[in-house]
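Both complexes below contain chain A, partnered by chain B and then by chain C.
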Partner chain A sequence: MTIKKMDTKKNLFNWTHDRSKYPEIKENGEADIDLTSHKYVKIWHGPNHPGVTGNMALELTLSGDEVVHAKTHVGYLHRGFEKLMERRLYIQCFPTCVRLCVAEPDYNEYLLARSVEELDNIEIPEAAKWLRALSLEMARLATLLRTVPGQAGTLSLGMGVQWGVYLRDLILDLFEELTGGRVYHMYIIPGGVRGLLPDGFKKRMEEVLVKIDEFQKKIDDLIFTNAIFKKRTIGIGVIEKHMVDSYGVVGPNARAAGFARDVRKDYPYLIYDQLDWDIFTLKDSDVYSRSLVRRSDLRVTVDLIRQIMAKMPDGGDIRAQTPNVLHWQIPKGEVYVRSESSRGEYGYYVVSDGSKTPRRVNLRGPSYTHAVVLLEKLLVNANIADVHSIMVSLQTCPPEIER
Partner chain B sequence: MEIVIKLLYVLLGLFIILNFGMFMSVSMRKIVARIAGRNGVPFYQPWIDLTRLYATRDSISHGIMFYLGPVFRLSGGVGIFLFMPLIVGSQYFSNFSFAGDLILILYFQFFGMLGMALGASESGSPHSAIGVSRGLSQFTTVELPLTLAVISIAIQYNTLSISEIVNAQQGGIMNWTVFTNPFATGAAMLSLLGAFSHSPFNLIKAPNEIPIGPPTEYHSTFLGVLRTNAAILHVIEAVLFMNLFFGGATNWVELMIKSFLIYFTSVFVGVAFPRFKIEQSVQWFLKVPLLLGIIAVIIYS
Partner chain C sequence: MALKDILTPFTVWKNVFKEVVSVKDPLNDRPGAARYRGFHVNDVDKCIGCGSCEVICENEAIDLVAVKEATLGNSGLRPMVDYGRCCWCALCVDVCTTASLRLTNEYTWVSENADDFRYIPGVDAKPWDNNELGWKKPEPNYHFYGEKRQDMGELHPEERDHSFIEMIKGFSKEQAMLEADRCVECGICIAACPAHMGIPDYIKAVREDNIEEGFKVLYDTNPLPEICGRICTHKCETVCSVGHLGEALSIRWLKRYIADQVEANDYKKILKTDGITNDGKKIAIIGSGPAGLSAAHYLALMGYSITIFEQFAHAGGMMRYGIPSYRLPYDQIDKDVNYILSLGVEIKYNTKIGKDISLEELKFGYDAVFAGTGLHLGRSTGIPGSDHENVYQSIDLLNKITEDIEIYVPEKVVVIGGGNVAMDITRSMARLQKIKYGKVGVIATALESEENMPADREEIVEAREENAIVNPGWGPQSIEIKDGKITGLHVNKCLSIFDDEGRFSPKFDENNKQFFEADMVVESIGQGMDLGYITEDVKKDLEFGPRGRVVVDEYFQTGVNWLFIGGDIIQGPDVIHGIANGHKAAVGIDKFLNK
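Entry: the complex of A and B
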C-alpha cells in the first residue's frame, strides 16, 4: 500500500497539507495503523448500508475524512451455488445458476447451456442463436438502465435512477412476454431456447427503445453535463494502466482505462460477428470515464437490439435434438466458456466426469477481482464521501464473489 | 388578560405553521415524485408518520444528552417562530417580535444545530462525529453570507427589527428588498440552499455516505420531535426570507404561497444536482455567496 502525496496545486485552501497524522508505511508495504493512538477511526460500510451494493461490507480505517486502509468482507450471502450444482442434474442447475447474479441472470443460463453443448458437441439452430443474443442484450439493457444513472444516485442525484427503474420495468415486461419470468428467465436451455418471439413483440420492443432514446438524452442533460457530477467524479478512483492486467480488470472498467477489450469482439460467440458496432474506450480511467463508457454501452446495446430485431430470422428451429434431460450423461471433459456481461468478461469453467451431474462448476465473475483486491486498493487515499461512488463505478455484484 | 390572548394566538400560529410545514413537505415529495414518474406518498402521510412516531417508545438508552439533542433542535425551531412576525400589521400574529429580533433569530438558527451536535456526539457513533463536523463546518460558512446580507439590509433600513424591515417594503413590489438590494438577496438566497440542506448541500445526513448515526439512532418520539421541528423550521426559515427580501405577507394565503415558493427553490435545485463534498461545499459558500454579501455591505455602508 502506498500513500500518495496530495496535489496541493489544485487544492485552493490546502485543507490537508499536514500529513504527519497519516500512517507510516512498514517494510512489507502495509500501513502501520495503531487504533489506540486515536489518530484513526474504524467504521463499517455494510453489510446493511445504503452505500454498499449488495450483501458485503467494507471495513474502513479513516484518518479524518480520508481512508487509509480498506478491507472487503464477504460471507453474508454464501449459499454454495457451485457445490449445489455438483449434486444436481444439469437441467436442475439452471434455476440455481441464475441466482449467481440477480441483476443479470441470463449470462449464467447462457454459459451453463453453452458448456453443456460444447462438452456434448451440440450445434444449436441459427434462430436460437439470435434469440439468445436478444435475451442477453435485453439483460444488459435492463442492468445498464439502473447502473448508468445509478452512478449519479451514489452522489444523491437519484432522479435518473427513478426514470431508469421505470424503463427497466418495461424491459422486464418484455422479458415476461418472451420467457414467462420477469427476473429469472431460464429461457436459454441446452440445445437452444424455450420459445419464439410472441406476436407483435418487435413492435412493442421498438416502442420501449424509443422511450429509452429519450431517456438517454435526459440523463445526458441531468448527469453527464452536470458540473457537480463532474467535480465529484473526475480524477476519483483512478485505475492505473499497469493495474488492468495485474488486477484482472475487464469490461467497462478496462475500456475506461484505454483497453479495447470486449469478449463479443475478441472471442465472438452467437451472432455478434454479424453485428456492427465499435468498442468505445477512454483513457482517464476515473469514475467519470467509467460512467461515460457505461453510457456508451447503453447506446450500443439499444443499437444492437435494433440490429438483432432487424436481422433475426422470423421462424425456424429453436432447439437442437438433445437426449432426455433427466437421463442426459454429459461426456467426460472440461471446458471454459465466456461472454461479455455488462460488467465485463463472465466465464464458466465446467468439468464433467461423464455422469448426469457436473463434477465442477466454477464461475469467473468480474466482481471477484473488481470488488475485492481492486476496490481495496482504490479506496486508499479516497475521501469517505467517495467510497460509494468508487464502489458503484466498478459495478460489483456480491453473489458473484460468494459462489 | 392580553398576554393570555397573545399566547393563544401564538399557539394558533404554531399550529398553523406546523400543519402547513407538513403539508409543504408532502407537497414537495409529491412534486419530486411526479418528476420521477411516480405517484408519491398520499397527502396525509406526514400526519400518519408523526402520530406513529409519537406513539412509539424507546427501549435503549444512549445517555441524557443524546435525548436532549432533539429537544434543543426543537427549541431552536420554536425559538425562531416565537420572535418571527408572521402577518404584516397583525397585532396577534406578530408573535413576540421586538426591536432586535433579527439578531436573536440568527442566534436561534445556530442554537438548534449545536444542541443536535451535542446529542449526536453522545451516541458514540463515529458516523455521528463525521456528520457533526460536516454540519458545523457547512453551517458556519452558510451563516457568513447570510449574516453579511442581514447586515446590509440592517444598514439599508437602519433597523434590526424584522417588523420594521417588512413595513419598509410595503407600498409596491418594487419596494421589496429583492429589487432594492439584489446583492444581499442573492447572497441570502444562496445561503438558503445550505440552510435547507437539500442536495448539493445535504452533507449532514448524506445518504450513501454516513447514513448511520442520528437519522437511524434517533427514532420513536425523538424522531417525531425532529420531524416536528423540521416542519416548523422549514416554514419559518422561508418566512424569515419572505420578511427580509420579499415584502412579508399581509395574510395567511400570501404567507403560504411565498414561503412555499421560497422553500421550493431549494427542492428544485436539490433534484437537479448531486451532493458536494464538505470541502467543495465550504469553498462554494466562501466564493460567490460571500462575494455577493461583501458587495451588498459595501454598497450600503
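Entry: the complex of A and C
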C-alpha cells in the first residue's frame, strides 16, 4: 500500500513527510509496528474523549506527534437495536429505532415508517408528507447548528459552538411543541405523523430562523474568515477523488470532493421535488471545504424550512388508516429506502417474512464507511492535534456504526 | 491568507455589549409545551382496564394491577407505570381505547425513594394530576385500529317486507377479516358473555383465516353457534372496549361467519367427535331449547346417554317457536341441532312432561334430570276488553307462524309491548299483512319512551323500515269493542313507569289520550313460566326465590338433588344464558353422578 502525499501547496505550514519514520507495511496491508523499537508510541483516542462524538476509540500509533497508523474501535455503544426490533411489533420498533442515531432520530423514524408503508403499499396523507419533511429538515438544522461551529470547536475555538448550541435549543423547543419530545421526537410513525402544527408555530419558527440568519453571519466572521482556522483545516484530511466511490463516501463529504450527491435530488422523496435549491459542491475535499459545504447546508436548510412553511397545507389528515397496529402483518418482501441525512445517504433495508415483526432491519449509516475504513486511511500522516478535527469533519456518529 | 482573515475574527468582541441569551431556566422561563410527553395520568373512572397500553408498551413498563372491583365491561385493573423502563413514547396514550390515559407536560420529578417511580396513575396522587396540558391522543383521524364497523349487507325493506327469508346476508371473507382486525384482544368481552366464550381467540382465528380453529373455540363454550351468531343478545358487543371511542366489534356476525363457513358434514371431523360413545348413565332433559341442547351436548361429550323430551314437533324451543325465521332461519337451527343429535342424543318430540309422561317416571327411569322449559306462558295486560277472542298473546301467534298454522290477519293490528318479542310479532304481522293486503297496518305501542324501550335499537329501526308504526310512551287503558268486534285501543300518555322505590306503578296523563284503531290486539308484555310439570312431591323440597323462580346452586342443582333446572326460568331470558346454564349444569350433573 502506498500512502499518498498530501498536497502541500495550499498550506505552507504543512510539514513534509519523512517516509523513514513510518513502519513497514506488510503484505497483508497491516503496518509492522514494533513497539520495542522505541520508535513508536501507541495511544488511545477515546472512547471517552471530549473530541469524540459518542463513544468510539481510535487506536493511534504515533511517531513523534505524527500518526503512522490508526485503527477504529467500536463496540462501546452496542445495544443490538437491529436485533431487538426483530422481536417487536412494527409499531413498537419506532421508539427503538430512534436510538440508532441520537443526534438525528427523525431519519430513523422516517425510514422505518417508509419501509413499512412501501412493503404494505400505504399512501400517506399530503399533510403528513409536509410535516415529515419539516421534522426531517428541523433535525438537520439542529444537527448543523452544532456541527458547523463544532468543527472550530475541535480546534479550541468554542465560541461558535456556544452560539450554535443555544440556537439548537430553540429548535428543540420547537420540536417539543410539534412532537412532544426534545431529543427523541417519535413523531413519524407508520401511516403518517402524530400531530398537526400547533397554533402560532410558523411565527415562532420564523423568529428562530431570523436568529439563525444572524448566527450565520457571525460564524462567517468568527470561523470561515479566520486565519487560524484556515491554517488548521486547509489541506488537512483530504479525501482523494478516487476514494469517494471505492469507500462509499456520501453526503457533504462527497460534495466537498466535487460530487453533486444528494438523495433529495437524486431520488426525491416526500415533497422534496416541490422545493427549490441547488447542490453546493467544492473540489478541494479537505476539512475546510467540508466545513464550507456544511455551512452551505445550514443556509439551504433554513431556506428549505421557510419554503416548507410557506407551501405546506394548513390542515388535513395526519395519518392514513392502517391495519390494527397490534396485529399488523407486513406482506412478505424486502425494501431499501433512503434519505439524505446531514451526514449523507441514510438508508434502511427491511426484510419482512409476512409476520407481525420484521425479519431483519439493517441500517446503512454513512458513519460506517466514513468513520471506520475511511478515517483509518485519512489519519495516517496526520498530526495528533488534527485527529479529532479530521474525525469531526467526517461527521462521525458512532451509534449508527454499532446498532 | 488575507489580512481580513486575521482581523475579522476579532469582531466577535462586539458581542460583549450584547444581552446574554445563553442562560435559560426552562422550568421557570417556559413551562413544557402543550404536547410535551411528561408523566402519566389516568382517569380511572373512564379507564376500563382493557390492557392495550400494557400490550403495546415495548419496554414492558406497564403492568395492569387490581385497583377496583371488576364489573361488566370493566376489568377493575389499572395500569401501573415503571419509570425505570418507560421511554415516554406515549404509544400507550395513542392506543388507549377510552382516551383515559395521557401524559402531562411536567419536566421534572424529584424523589428520594426509588419505589415512588413505580406508581398507578390516577390512583397514587401526584402533583400533576390536575394538569390539563400534555400529550393526548392525536387528532384528527388518528386511529391505531379501525374505528368503524364493516357494513353488514342486508335485504332492503322492499325485498324483505313480504317474506320471511333471512334479512342479514352475513360477512364475506374480506369483510370478516377486516372486522376481526379491529379487535384489541383485551378480553373484556369474555367476562361479559354469560357463556364466557373465547371471543378474542375466535376473532383471531378469523383474522388468520383459520376457520377450523375458530370453530373449535366456538364449540368449547357454545354448541349453538349458527343460532347465537344470528340472534344472540351480544352482551360482548355492549362492553367491547373498541366501542368506547368507535363502534364496537361485530362479534355476533363474526361468530356467524365462522359457523357459516363450516359444512354440516365436517362438524365431527373438525371437532374430533367421531369416536364419541354414549353408554354412561342415563340423563333426561326436559325441553330442547338452548339450555337443554347445551346440557345435552356437553353431557354427550362426557359419554352420558341423553334423552330430550320436547313438547313440540321440532327441536329448538323458543329459538324456533319464538323467533321469526327472517331473523333465524329454521335450517340454521337444524344445522346446530342435528350435530348435537349426531352425538347420540335421543329426542322425543310431542312429549310433554306432566301430560304424556310424569316427572316421577323420569326420576325412576334416569339418573338425573335437567329441566330447561323456558317461558311459554303469555301475560295479559288485564285491561277491559282483553278477554276478547281477537286479543292474542304474541307467543301463541309466533308459535303458530312457525308451525305454518293460519292465523287471523286483519288490516289493522295494535301490538302492546316494547321488547324484542313485541318487535318480532310486529314485524311478522307486518309481513303477513303485506302478503295478504299489499300494505301494512301495524302499530306497536309501549309504556316505555323510545330511548328506554327494551327492544334492540336495530329492531325498532327495521320495523319502521318495513312500514310498521312504532309509537312508544303510551299506556293501554281499554280495548273498545263495538258489536262484538274490536275497534281499537285507548291509550294515555305514560308519564313514569316506576315509583320512587322502583316498583312497577305506571302514571298516566289523563289529558293526553289517543285511540289506535285496530281489528286485533296482540299483547306482548313478557312471558311467564309454567312449572305445572313439577309434582307436589318434588315441589315440597324445592326452594322458591323472588318472582317464583326455583332456587338453584352454582351448578343449577335444585334442592332435589337429581333435578337440575336452567335456562330462561332461572336466568335471562335469552339464548346465551340458556347455553351457559346448560353447560354449567352438565358439569354439575357429571359431578353429582361421579361423586
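Some observations on this one:
Convention: the second predicted complex is superposed on the first by the 378 of 403 C-alpha atoms of A that agree within 3 Å, B and C clash if a C-alpha of one lies under 4 Å from a C-alpha of the other, contacts with A are read in each partner's own complex, and residues count from 1 in each chain.
What we mean here is this: a residue touches a chain if its C-beta (ideal position, glycine included) is under 8 Å from a C-beta of that chain, and two chains touch if they have at least 3 such contacts.
None of these values were measured; they are calculated from a predicted model.
Looking at the shared chain after the overlay, A:102 reaches neither chain B nor chain C. By the touch criterion stated above, A:351 is placed in contact with neither chain B nor chain C. Contacts of A:319 after superposition on the shared chain: chain C is touched, whereas chain B is not.
In the superposition on chain A, A:383 makes contact with chain B only, while chain C stays out of contact range. Of the two partner chains placed by the overlay, only chain B lies in contact with A:65; chain C stays clear of it.
Applying the stated contact rule after C-alpha superposition, one finds that A:232 touches chain B and leaves chain C untouched. In the superposition on chain A, A:162 makes contact with both chain B and chain C. Using the contact criterion defined above for the overlaid structures, shared-chain residue A:373 touches neither chain B nor chain C, since it reaches no partner. Once the two complexes are laid over each other on the shared chain, residue contacts for A:275 go to neither chain B nor chain C. Set side by side, chain B and chain C differ in how many residues of chain A they touch, and the one touching more is C.
Residues 159, 162-163, 166, 222, 226, 228, 231 of chain A lie at the contact with chain B in one complex and at the contact with chain C in the other.
Looking at the complex, you find that chain C touches chain A at residues 1, 4-6, 8-9, 11-12, 15, 21-22, 24, 30, 32-37, 52, 55-56, 58-59, 87-91, 94-95, 103, 135, 138, 140-146, 181-185, 207. By the touch criterion stated above, chain B contacts chain A in their complex at residues 32, 35-38, 126-127, 129-130, 199-200, 202, 206-212, 271-280, 283. In the complex of the two chains, the chain A residues touching chain B come out as 12-13, 15, 41-43, 49-51, 62, 65, 152-159, 162-163, 166, 222, 226, 228-229, 231-232, 383-388.
Those residues of chain A that touch chain C in the complex are listed here as 88-89, 91-96, 159, 162-163, 166, 169, 173, 176-181, 184, 186, 192, 194-195, 198, 218, 221-223, 225-228, 230-231, 317-319, 321, 323-327.
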